[in-house]
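What follows is chain A paired twice: with chain B in the first complex and chain C in the second.
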Partner chain A sequence: MTARRTITDLGVALLAIAAIAAALEIWSRALQVPSYLLPAPSAVAARMATDAGLLAREGGITLSEAAAGFVLGTSVAFALATAMAWSRPLERTLFPLAILVKLTPIVAIAPLFTLWFGFGTAPKVAIAALITFFPMLVNSFVGLRSADLQEVAFLQTLGASGREIFRHLRVPSALPYLFSGARISLNLALIGAVIGEWTGADRGLGRVIFVANANLDLTILFGAVLVLAAIGIAANALVGAAERRVLHWHPIAVAT
Partner chain B sequence: MRGLTLLAVVLLAACNAPAVGPSPTPTPTQVPVEKVTFIAGFKPQADLPFVAVYMAQEKGYFRDQSLEVDIQHATSGEHIQLLATNRAQFSTGSAGDVMKRVASAGVPLVSIAQIGQRDEQAFAVRADSPIRTLKDWEGRLVGYKTTVSADYLALVSIGGIDRAKVREVAVGFDPRVLADGRVDVYPVFTANEPDTLARLGIPVRLFDPTSFGVPGLGLSFITNQQMVDTKPDVVTRFLRAAMRGLADAIADRDTAVEVVLKYATGEDRAHQRYMLDTEIDAAQNDLTRANGIGAMERSRYVALRDFLLQYGGLTKSVDVDAVFTDRFVKDLYKDGRLVWR
Partner chain C sequence: MARLASSEVPVAIALHNVSAGYRGPVLRDIDLEVGNEVVAVVGRSGSGKTTLLRLIAGLIEPTSGTVDLLGVAPAIARRRKRIGFVAQDARLHPWRTVGENVTLPLEVNRSARTNGHVSPEEWVARMGLTEAIDAYPHQLSGGMRQRVALARSLVIDPQVLLMDEPLASLDELTREDLRDELLRLWESRARSVVYVTHDIEEAVLLADRVVVIGGTRPARILGEVRIFLARPRTKRDPRFYDLVQEVREHLE
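Entry: the complex of A and B
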C-alpha cells in the first residue's frame, strides 16, 4: 500500500515537473529568450548530460560537506536542547544566544569562516553546521519538553531516575519533533555548504554556481541547481523512510 | 509719438534679452526628456565612472541634456542582464569582461567610453614578503578570485614560473586572507584593496600585469546594441553629461568625494579618496591627453582580445568592432576638450 502510494506520488511529481519544463521550453523557444536570461530546459538537460561527471563529482563534495555539517550542527543542537530542557537557568542563558546565531546573516559572515578555518572543507562544514543548528535546537527542545507531565509523574512514582525518564519517555516523545527538525536542517545544510563554497572554494556545486553566474553560463548554473535539488529531495526521502520505520507506532508515520 | 517709439524699442529689446538664470552654459536644443537608468556595476563607491554619473546628477548636467537618469547599483552582476534586456540603458564593465560576455553568451553589449586605461587588477604580496620576483611565486600559495585569470597565466609565462610548483587557491574577494597570512600572493583590485590592506596594517607590494606588458584595460561605460542603433543621440547626451561630471570630479576631488558619500553612505571618506585618486590616475595617458578622458583605441581592444584568446580568457574570438565603438566619445571632444552643447 505504502509502496504503491509512493510510486503514485512520484509519478504525479514527475508529471508536474515535465509539464512545467514543457511550458518553459515552448515559451523560451516561441519568444527566443536568450540563454543568458533563461535557458530552455532542453539546453539545461543537454548540458547536464555533457557535464554529468562534473556535476556528480562536485555534487558529491557538496553533499559530503553538508552531511558533515548536518551531523555536527544537529548533534550540538540536541546536546544543548537537552541541557536547556533539563535546566530553566540554562534555557534562559542559552536561548538568546541561539537566537543570536539564528539572526546572524550567514552570507555576511561566511568569508570570516575562511579566515578562521582556512580554504579546505572545514569552513564549509562549519557554515552548514551553523545554519542547521537553530531549527534542530528548537525542535529538540520543544520535543523534549513535550512529554506528558502525568506520564513523567507516573514514572517518578515508580522510582524512575531522571536519566531513565529522559531515555524512555522524553526522547521517544521528542522523536517526531527531531525528525521534523532533521528535514528542515538537511536542506539548510545543503544551502550552508553552497554558501561556504561561494567564499574561497575550488570545488563543489556552490563553486560551479558561482563561476557559472560570473560567466552568465546559465545552462550549467541551472544544471547545478537541479542536482542540488535532487540531492535535497533524496535526503528528504531518506529521512521520511527513517521516520516511518522509527515512528511506525506514531500517527505521523501514517500521515507521511 | 517719439515717446511711443521709444517705448516700443524698449519692449522689443526686453523681448530679445538673454534669459536670466544661474546656468553659465548654453542650454542645449530643447528635446523631449528621456528617462534612462544607469546601473553601476557594483555597490556605491568612488569608481570613476560611478563618480562621473553622481557628479552629473548632482550638478544637473543630465537635466541640461534633457535626460532623467535613475541611478541604481548592482550587487551580484545582475547589471549585465538588465542592460541586455534594456531595463537599464547604461552601466559599467571592464573591457575584458564585455568581450567575454559577447563572446561566450552573445550578450549585446557595447563599450562606449574607456575610462580605465590600465588593467584594474594586480597581484599583491605583503611589503615584508621575501617574494621579489615572479619566479619567487614557485612554492607559494597564490590566490585567484573566481577563476584562474588570463593575467595570472600571462605572468606565469612571462616570469618563467613552473606552474606545477605553485599552489593555486580560490580566495574570493576578501583581502584579509593576505593580512592573515593564509595566502602569499593575493589578486587585488588596485583601486581599493591595497588601501584596505594598508588600513589593516599590511602594506603591500604589487606585481602589476601592465608593467609586465600585459595589455589590460579597466572600466568602461557600456550600453546595449539597441541603444546604439535606435537612440544614438541619447547615448551621446548621457556621455556628454557624464564626462562633464567626470571633469568636475578631477578638478575638485574633495567635492567629488562629498557627492560619492551621498550615495555610499557609511563608507570611509579617506578610502573613497584613495579610490578616486587611483582611478583618476589610471584614466589618463597620452591617448586621453590628446583626445579626452574616455578615449578609445581599436588597436588596444585587438591586443586585449588576442591576449585573452592566448591565455584562455576568451573561449572563442570576438569581433572587436562589435564590442566597442568610439563614435560617441569622439563626438564629445574637440582638440581634447569637452564640447558642451
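Entry: the complex of A and C
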C-alpha cells in the first residue's frame, strides 16, 4: 500500500514539475526573456547534461558537509536534551543558551566561522551543525519528556532504575519527535552547508551558485539549485522510509 | 476463598497515621492494614484513591506517619520486585508486541529475584491472549489491553497487587469477564490486593473488605464494610444490595 502510494505521490510531483517547466519554457520563448534574467528550462537541462560531472562532484561535497553537520548537530542536541530531561536546573541553564544559538543569524556569523576554521570543510560542517542543533534539541527534549506517566510509575513499581526507564520508555517515546526533528534538521543542514560555501570556499554547490551569480551564468545556477533540491528530496524520502520502518507501531505511521 | 490462612506475612501492607499530599494535603490519618485479602477502596473521584495507591507503592512519601510493605519500606519492596501495579486504561508500551509487553517486567531490575513459577507465555495464555501475542497494543480493544496490563503485572508473581480502577474504562460485558478472571486469579494464589474503584457494586462483588475514603479534603477513612458473601457472588443475592447500601451510607 505504502509503496504504491509513494509512486503515486512521486508521479503527481513529477507532473507538477513538468507543468511548471513547460509553462516557463513557453513564457521565456514567447517573450524572449534574456537568459541572464531567466534561462529556459531546456537550456538549464542542456547545461546540467554538459556539466553533469561537475554538478555530481560539487553536489557530493555539499552533501557530505551537510551530512557531517547533521550528525554532529543532532548528536550534540540529543545529548544535551537528555541532560535537560534529566535535571531541571540543567534545563534552566541550557535552554536560554540554546535560544541564543537559535536567534543568532547564521548568515551574519558565517564569515566568522571561515575566519576561525579556514576555507576547508570544517566551517561548513560547523554551520550545518549549528543550524540543525536547535530543532533537534527542542524535539528531543519534548520527546524525552513525553513518556506516559502511568508507564513511568509502572516501571518504578518494578524497581526499574532511571537508566532502564530511559532506555525502555523515554527513548522509544521520543522516537516520533526525533524523526520530525530529523526531517526539519536535514533540510537545514543542506542550507547551512551552502551558506558556509557561499561565504568562502573553493568547492561545493554553494560555491558553484556564488560564482554563477557573479558571472550571470544562470543556467548552471539553476542547475545547481535543482541538484540541491534533488538531494533534499532524496534525503527526506530516506528519513520517511526509515520512519515508517521504525515507527510501524505508531498511530501516525499506521494512518499513512 | 482462603483469607489470612496461608500468609507468610500476616500484615502485608500497613499504613499508620499516614497523611500525604502534593502541593496541598490530600489524605490524613489513614490507618489501614491489609493481609492476604482483597481490600477495595471506594470514594468519589478526586478523593485521593490514586494517591493512596501511590503511597503504598512508595511513589510518593507520606508527610507524616509510616508505610510498611511486607515489613519493609515501600522503596525496598519495589527493589525486591514484590509489587504488581495495574492502572486504569493502561497504555502499555506501544512499540512492543503483547508478548514483549508481558516480558518487560522481567527485563528491568534483573538483580531482584522473582518467584515466578508461571512463565510469561503461560500468563498470556491464561489471559486469553495467545492469538494476539504478536499484535501491537494499538491493534487491541480496551479489554484486551487491560488483560495485557494484568498479565504483565502478574508475571513477576507479586505479593502485593495494586489496582487503580483497572476495569473503569471497559464496557459492561468485558468488565464482567475480567471480574471473573480476577476472582479466579485471586483464588489460585493468595495475595494482598488493594483494588481502587469508584464503583460500589464492583467493590462488593470482588472484595473481602470495602474501605470508604472521602470527606472534605484532606480525605480520611470514613468507614469499612466486611463482605461475608461467599464467592462466586451475584447481584441477585438478597444481601448484595444491603451491603451496597451499607457502603453507600458511609459515603454520604
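Note that the second predicted complex is superposed on the first by the 254 of 256 C-alpha atoms of A that agree within 3 Å, B and C clash if a C-alpha of one lies under 4 Å from a C-alpha of the other, contacts with A are read in each partner's own complex, and residues count from 1 in each chain.
Convention: a contact is a pair of C-beta atoms (placed from the backbone, for glycine too) under 8 Å apart; a residue touches a chain by one contact, two chains touch by 3 or more.
As the structure is a prediction and not an experimental result, all values here were calculated from the model.
In the superposed model, A:S35 makes contact with chain B only, not with chain C.
Within the superposed three-chain model, A:F179 lies out of touch with both chain B and chain C [touch as defined at top]. In the superposition on chain A, A:H250 makes contact with chain C only, not with chain B.
When the shared chain is aligned, no partner comes close enough to touch A:F133: not chain B, not chain C.
By the touch criterion stated above, A:F222 is placed in contact with neither chain B nor chain C. After overlaying the two complexes on the shared chain, residue contacts for A:G118 are found with chain B alone; chain C is out of touch.
Touching chain A in their complex are the following residues of chain B: 76-77, 80-81, 84-85, 100-101, 104-107, 146-147, 168-174, 176-177, 180, 182. Residue ranges of chain A in contact with chain C, taken from their complex: 148, 150-151, 153-161, 164-165, 168-169, 172, 175, 249-251, 254.
Interface residues of chain C, counted against chain A in their complex, comprise 54, 57, 59, 78-81, 83-85, 87, 90-95, 104-105, 107-109, 112, 136-138, 153, 156, 162. By the touch criterion stated above, chain A contacts chain B in their complex at residues 34-37, 111, 114-115, 118-119, 198-202, 207, 210-211, 213-217.
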